[in-house]
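Naming follows writing order (A, B, C, D, E, F and G), and every chain is counted from residue 1.
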Amino acid sequence: MVVLPGDIVPIPESEQTVRVGPGLRQDVANIVVAKAGILKQSVTGDRVWVEGNQRRYVPQLNESVIGIVTAKHVEGFRVDIGGAHPATLGALAFEGATKRNKPNLEIGALVFARVCLANKDMDPELDCVNPSNGKADGFGEVKGGFMFKCSLGLCRSLLDPKNPFLQHLGAICPFEMAVGMNGRVWVDAGTPKQIIVLVKALLGSEAVPYSKARTYVKEFKSDLTSVE
Amino acid sequence: MNTGEQPVSTSERNFVTAALREGLRVDGRGAYEFRDLAINLGDGGYGSAEVLLGKTRVLANVAAEVVRPNAANATEGFVHFNTSFSPMASPAFEQGRLTDEEVLISRMLEKALRRSRAIDTEGLCIIAGEKVWSIRIDIHVLDHEGNILDCACIAAIAALLHFRRPDITVEGDNVIIHDMDERNPIPLSIHHIPICITFGFFDNGDRVLVDPTHLEEQVQDGNFIVVVNTHRELCTMSKAGGASLDVARIIQCTEVAAAKAAEVTELVRTALSKVIIRISIYCQHINQFITKVQ
Amino acid sequence: MISVCERDYIIGGVQANARGDGRRRTDARPLLSFELGAVPQASGSAKSAALLVGVKVAIAEVSHVGAQADDDDDVETMNTRSKHLGISEDSIRKYSDFCSKLLNSDAGGLDLASLCFVPNTTCWVIHVDVLVLAYTGNLLDTMFQAIRAALANTLIPKVSVEESGSGLARSFEFDVADEETEELKGVNDIPAVVTLYKIGNYHVIDPTPLEELCSDVQLTVAISRKGLPCAIHKYGSGSVDPSLLADMIQDAKKHGLASLEWMDREIQREKLRLSNLE
Amino acid sequence: MRSNGRTDEHQLRPLSASFGVLSRADGSSRFGFGTTEVLASVFGPKEVRIRDEKIDSATLQISVRPLNGLSGPLHRLAERQLRDLIEAAVLASIHPRSAIQVTIQVTGDDGCFMSAAVNAASLALLDAGVAQRHLLASVTLAFDPNGTLLLDPSLKELETAKSVHTFTFSNSNDAVIAGVSSEGVYSQDEYKQACTVAQQACATIHSFYRKTMEQKLAPQ
Amino acid sequence: MALDSKRIKGPEKSFVPLPLLVQSTPTPTPTSTKTKGRIDGRGTDEVRPLFATTRLVRQASGSAFVEVGGVKVVCAVYGPKPVPASKVQDHHSGGRISCDVRLSPFAALKRKQFMKEPAEHSLSNNLHTALLPSLLLAHLPKSQIDIHIQILQAQNPTSIPPNAFVSSLSLLLAPCITAASLALADAQIEMMDSVVGCNLGIYRNPSTQKLFWMVDCTEEEIETRSNGGGVWVGNCVVGVMPSIGKVTGLVMDGDIGDVGFVMEAVQVCVDACAKIHEVVVKKALIESAQAKE
Amino acid sequence: MVNPDTFKKLHPQEFHRRFLGKGVRPDGREGLMIDLLNLTLVTPNRIHRNCKRKCARSNGWNTVICGIKAEVAVPDTNHPTTGYLVPNVDFPPICGSQFKPTAPGEFTQSVSEMVYRVVKGNNILDLETLCIEGGKAVWVLYADIVFLNYEGNAVDAALLAFTAALKDTKLPVAVYSDVEGTVRADAADRSVSLDVKRVPFGATFGIFEQDGGAKMAMADPTDEEEAVLISSVTVVVDGESQELMGTFGAQVPIDLMDQCIGQAKKRATAIKKL
Amino acid sequence: MTVVTPGERLGLAGEFFASNGTVEVGDHIYASIVGTVTTTKSTTSGELDTIQVIPTKKTMKSSIPEVSSIVTGKVLRVNPRMATLSIMVVGDQPCADNFQGIIRVQDVRATERDKIQIYNCFRPGDIVRAEVISLGDSRSYYLSTAKNELGVILATSVAGHTMIPISWEEMVCPKTKAVENRKCAKPVAIGESSTQ
């Protein structure tokens, strides 16, 4: 059901306490819509949220993002993640980083990182290491390839494990991809040609329903496989 | 770093050039290929044109009023250009603060449109020393996805060609301005149609392309601007800084520019003709209506 | 910025009538000579080791203000300076203010009325721009000298006027004969400017930048050819006892006349040089 | 018969609305009453200059730009009125120390641009996914010389109007006037009449919003 | 004109209507030459009645209103407040003051356009110099005191428009100084002494060519440029700390005679200021002190 | 230890809520009711005695002075017989520390615009009467409204000063001579008084939201109160005909608005008496 | 009870010890403000009596911070190195224009300085009482909260309710019961400010 800000959402019957998700807010006794989109409800009925789409990123704890290094300090790096405030990435927030050997990121470098502090009163902070095991878990600088910007909605669907486009495209030509929740996607493949086509395909997929994925991807097959 | 513009990552930078080396552009275009051009006329009434060059969007609007001429040249009307870079076009454009880019672009437009004498200012005179038309062209940059200049130039020209000023009759000292639907409004007399073509350079000038996108502009080593009309007359050229170019390159570019200008002019003309027909039909209809009344 | 001991040293020296560079309180440094017409595209110019002054004349509408239509032109001095010189914006503004005020007043010497060619509406405006090349202290005095020289070097085109139009909208056609030019009337009556810097209980003239920092009162005096003061302005954060004024002005007079004399010689010499060039 | 071919004095011109018109902006929309068209863009929450940083909420930066000529006091007032409206609508407190920038560009003016601006702004904020309490709908009305109330008047009609009234209502509570701005000379009864008609007209516009949004989200 | 777009526009140009031809050149009425020689019959060393009061601008830390003849000025003092980042040099020395004098658009006969006029700048500068010596700024580290003066009326509406520079200083500077110092005292800013301003006109007797002075000239006396049988040749404005008897501000212009005459003129002003201080300024301060807020 | 001033400075919202919760205002006034004593139109004995000027001190302590300057100009080519009336409001830095000595900002401009809108269409005075010689010369009335002390509610104060000044403005008889193309007038005798058709009075109400979300209106809010208001409503009433001449406002319940209009009318009549 | 004005001669420099509201110029003492003169006999013999002028206006409209004066203000910004404060009140004297001060991480509290995480002590919007420890740099005063009675005196929780301190480094939201970290001032302070 499409809802608009100001609409009042009927409180779903559920034995557990209902949790109010994104796009909704609690106003006294009512659940009121704050963002336009489609009202969703978890099967268990204890969570309601509005699924919308937007371009501006607002940092959330533990989300993975792609940032661009804009400055270097003693304590670490200043990173642009497309939010309202620049994020800070501690020099020690890398796998195996110590006071002795700090990672050396150049200005303009791309980092795939995790939001470890998101508080409306403070500038966000990132790290490139899993605090539990001190491992990088794929976080860190990403080199080569190409980074393109897209809607947050597309990012979400690219992270969706049952996203068919990725499977089909991958079947045609193998490629690397890193998806930041901040509307930035990084891809790398054999040739620039392939990268360009992939980017086009991925951006295009936003408007295509999953059901039509196979046929949609077919269009790009020739371009992706042709070798010059 | 206080330009609200998003920084460009090294990976983007490198990829753009890498792709170019293989003759590819990130958006899949050929080097001398323009993005799709959409010209939308007359939404804001006479003399309003909204032009889309790919996703770059510029709105131009023309208005006229009767004023007193300068003592110095009593028989010349006025033509004012005003280019405004709306904050909606890009976070880099701030209210009340001009970036160098903005200044450069408005200067080039000024050169391309006014200095090339595209508009006949003598024709704007009503009563020498007393009353003349003052034409004001407002150019609003609404969406910045690269190559604002070419887009703005097209928009301005389209708006000027589409513009109609109310008809007038002079009786001694005073002037009667006729209502638009009382008498057919009058188009401006435009001498020629200057079209602006911008080239971007990469690899220290080894690779050239037209109509650079925003990303390409951020990465390019320099640019070269040619303003030319369908008679293959050059109006302005500009090569401000950036990578150096050999002469042959320049000649080649101007050739390309001339060709491109012809294409673009054609697009503008067709866009106009559609509306013009609409207008003229409308006017006939009005005339019939009037004659019936009399 | 100046350290306390430096300050004490200088004040002490002044008291003992012996200054850092061996001068006595009322000794001036040798005046810098000028080169006139240094800037060809300007209407007039003068260049010294420390200063470059350019004069540009332009035609302007003066607002038409009732009976006493102000038929004066206005001389604006606008100072542009390179950053590193230790001159504060405020003092620059003060100096410009003083110069334009003096030159626009009756005491300024220039015959301003003669610069107005369409009654109540149009006249020449003389723009004076001063560029400070080197700052050696006592800027206002040297600056005014340079301006004086530049004005002496200034030529204005002759103008012929005819009227057209009617009503409040009436306008004047005039054409400017660029080849025919004339000198400004009354350049020679422009006074000389001498600033006295009170340091401790005594005053010095032509101070060095350091000495300036020690002075809490500056008294700027304009001296006419007759040797009479025609403008006295007090600057600085301190106050003065009226009784001190007397000998300050006396000294000003002495040096004013001296610098006038010297200026005349300088300008003569330069004019000669220029005429020989043609 | 009204100048621009409308039959009824309480009739709106054909409404038009579209989302995501601009590619750089975080959100954008175009709203039109007939040939009166306004383009609105939203950036934010984005970085804000220290000078106008608020520690407990986002700063609203609003600029209204005319189609032709310089902007002046008229537009500053328009901006102030827009700010009053938007401040009440947007949940600014969840984005402290940041800016939400709303830019309004008139692209065609045949009267009532202010109402169009309000509506466009509200939709642009919607498109940008900025959290809001409610949406806004605005209409303009005018009393012609012989006292008939005209809804959504054209420039021609405004020239001769005796008084002009611009009302804004939210979709959450229409007992509260979200915003009003009246000019000219008029009686209290006339004002009341205008207010009630405006209320209904705004309701129409709100349902128009919903239709447009449903169409937009239909494919998914 | 960028400024214009920020205000409600009028016509491009407008003029003050010229007076009727009959009396286009105002001549001093014969009576003026009689009675102690001055147009308004005052003695040469007599100052005009001056009205001064404090607490006009409630928002300010201190404020004052001064009226003398056709001149009316309001002064408000704000602060001490933090020194604006742009102006910070060495903050360990004491505070600073900023002076801003503005003519209201309707202050003079010809409406003032909105951009600042040179006269306003030179007034601000001279005011700054005249006040600085009196203030004990060492007590206010890192802070700034803003002194704003709004000139409501610069001349009698019927008189002739002044030649901007001369009369703006000779007529306006003195009241500005007095008002500002009063406002500072009202704001409890520590000072050695209040500063009082006074102007003096210098005239030459056409026959004898001798110079003579008249204290506290009105703008008629300056603009008609002739008075008590003399021709106006110069003017002098002095700012004085009356109790300490020191000159804080001095502006003399025009034909001001030899050293002796200058000294005399200055001394006369000093005495006049002392008078004004006793009779008006002190009274105003004490009144406001006793008047409970 | 914490005195009221400090408390107000630290938590203005809380401070006012505590008062208004009890239906009282920090300065002792009541909500909607307009305390007429608070509203005096001064033609000050000493200050600004001048035929072209008037000083209005309105609502509490705002001190506003409106000077009207009459000059002549060439009429607009399209309206050769209409004069100009140009109101401009200015907040020089003297009137409050929040105003900086820069070009007018949004606030200043919007207040000017509001005044202008009230003045504009409503032919407060017939601009045709300002014509001296058709197509050649007309009067321009510059109404400059300058705040000397600002404590909130700008529009009311500005309008009050404006109308007061306009009412006692007198123009000299102007003569146009085609020969020299100038206008002459005897500045000394000002005999022609303007025929002012309408006298707009502004009444502004601050809308304050109480804890429950209930909204209350308070007449003539001070600048301190304005800081904690959710919005405000201005109603302009013609003192002559009791007709409305403008309503500006936001976030006000319809019924509350009606009350405000009622109050505004009462006020207009009251001021007219003064 | 006579009122003196600035510049009024109060006596010879030798006679009195010139205190507040007076100034020595040359060999005289003058009043430096408007007020009433009071002389206080010196207790110890040989010392001069003190002369001072008591201002008649109860208070100066605006007061300025000095070293060791207690100030109250609002936290504007926090970053790992410092918290920026807008000083609104000096003593119990509101400032007309706010001064800027900073609390550097090492000045937050007396103990375990190295463990301090600024955002566990202050959040933007908190009202903090602090002491001026130096005139600081050109822009801001340096402040310290390293005393029991200094620190946060009023803070609102994420949910937007006024929180109650439960220890010297914790506060709790009365509604949501959520506990947040702060460097609290001794709770009495809160009691006072809320008994209004």
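Quick notes
FYI, contacts are C-beta pairs under 8 Å (C-beta built on N, C-alpha and C of every residue); 3 or more make two chains touch, one makes a residue touch a chain.
Computed from a predicted structure; not experimentally measured.
Of all chains in the assembly, those touching chain D and also chain G are A, E, F.
Central chain by Cα centroid: F, whose mean Cα position is closest to the mean of all protein Cα atoms. The interface with the greater count of contacting C-beta pairs, when A-D is set against C-E, is C-E. The distance from the centre of chain F to the centre of chain G, with each centre set as the mean of the Cα atoms, comes to 40 Å. The distance from the centre of chain C to the centre of chain F, with each centre set as the mean of the Cα atoms, comes to 47 Å.
Taking each chain's centre as the average of its CA atoms, chain C and chain D sit 59 Å apart.
Centres computed as Cα averages put chain A at a distance of 68 Å from chain C. Shared contact sites, meaning residues of chain C that touch two or more other chains, fall at 168-169.
Contact with two or more other chains is made by residues 121 of chain A. In chain E, the positions touching at least two other chains are 6-9, 15-19, 60, 78, 81, 109-110, 134, 241, 244. Against chain F, the residues of chain D that register as touching in their complex are 72-74, 76-77, 79-81, 84-85, 88, 168, 175-188, 191-192, 195.
Across the interface of their complex, chain E is touched by residues 70-73 of chain D.
On the side of chain E, the complex with chain F involves touching residues 3, 6-11, 13-21, 51, 56-60, 65, 67, 72, 74-76, 78, 81, 100, 102, 104-107, 109-111, 146, 148-150, 152-153, 157-158.
Residue ranges on chain B touching chain F, taken from their complex, read 66-68, 131, 173-175, 177. Interface residues of chain A, counted against chain G in their complex, comprise 75, 119, 121-123.
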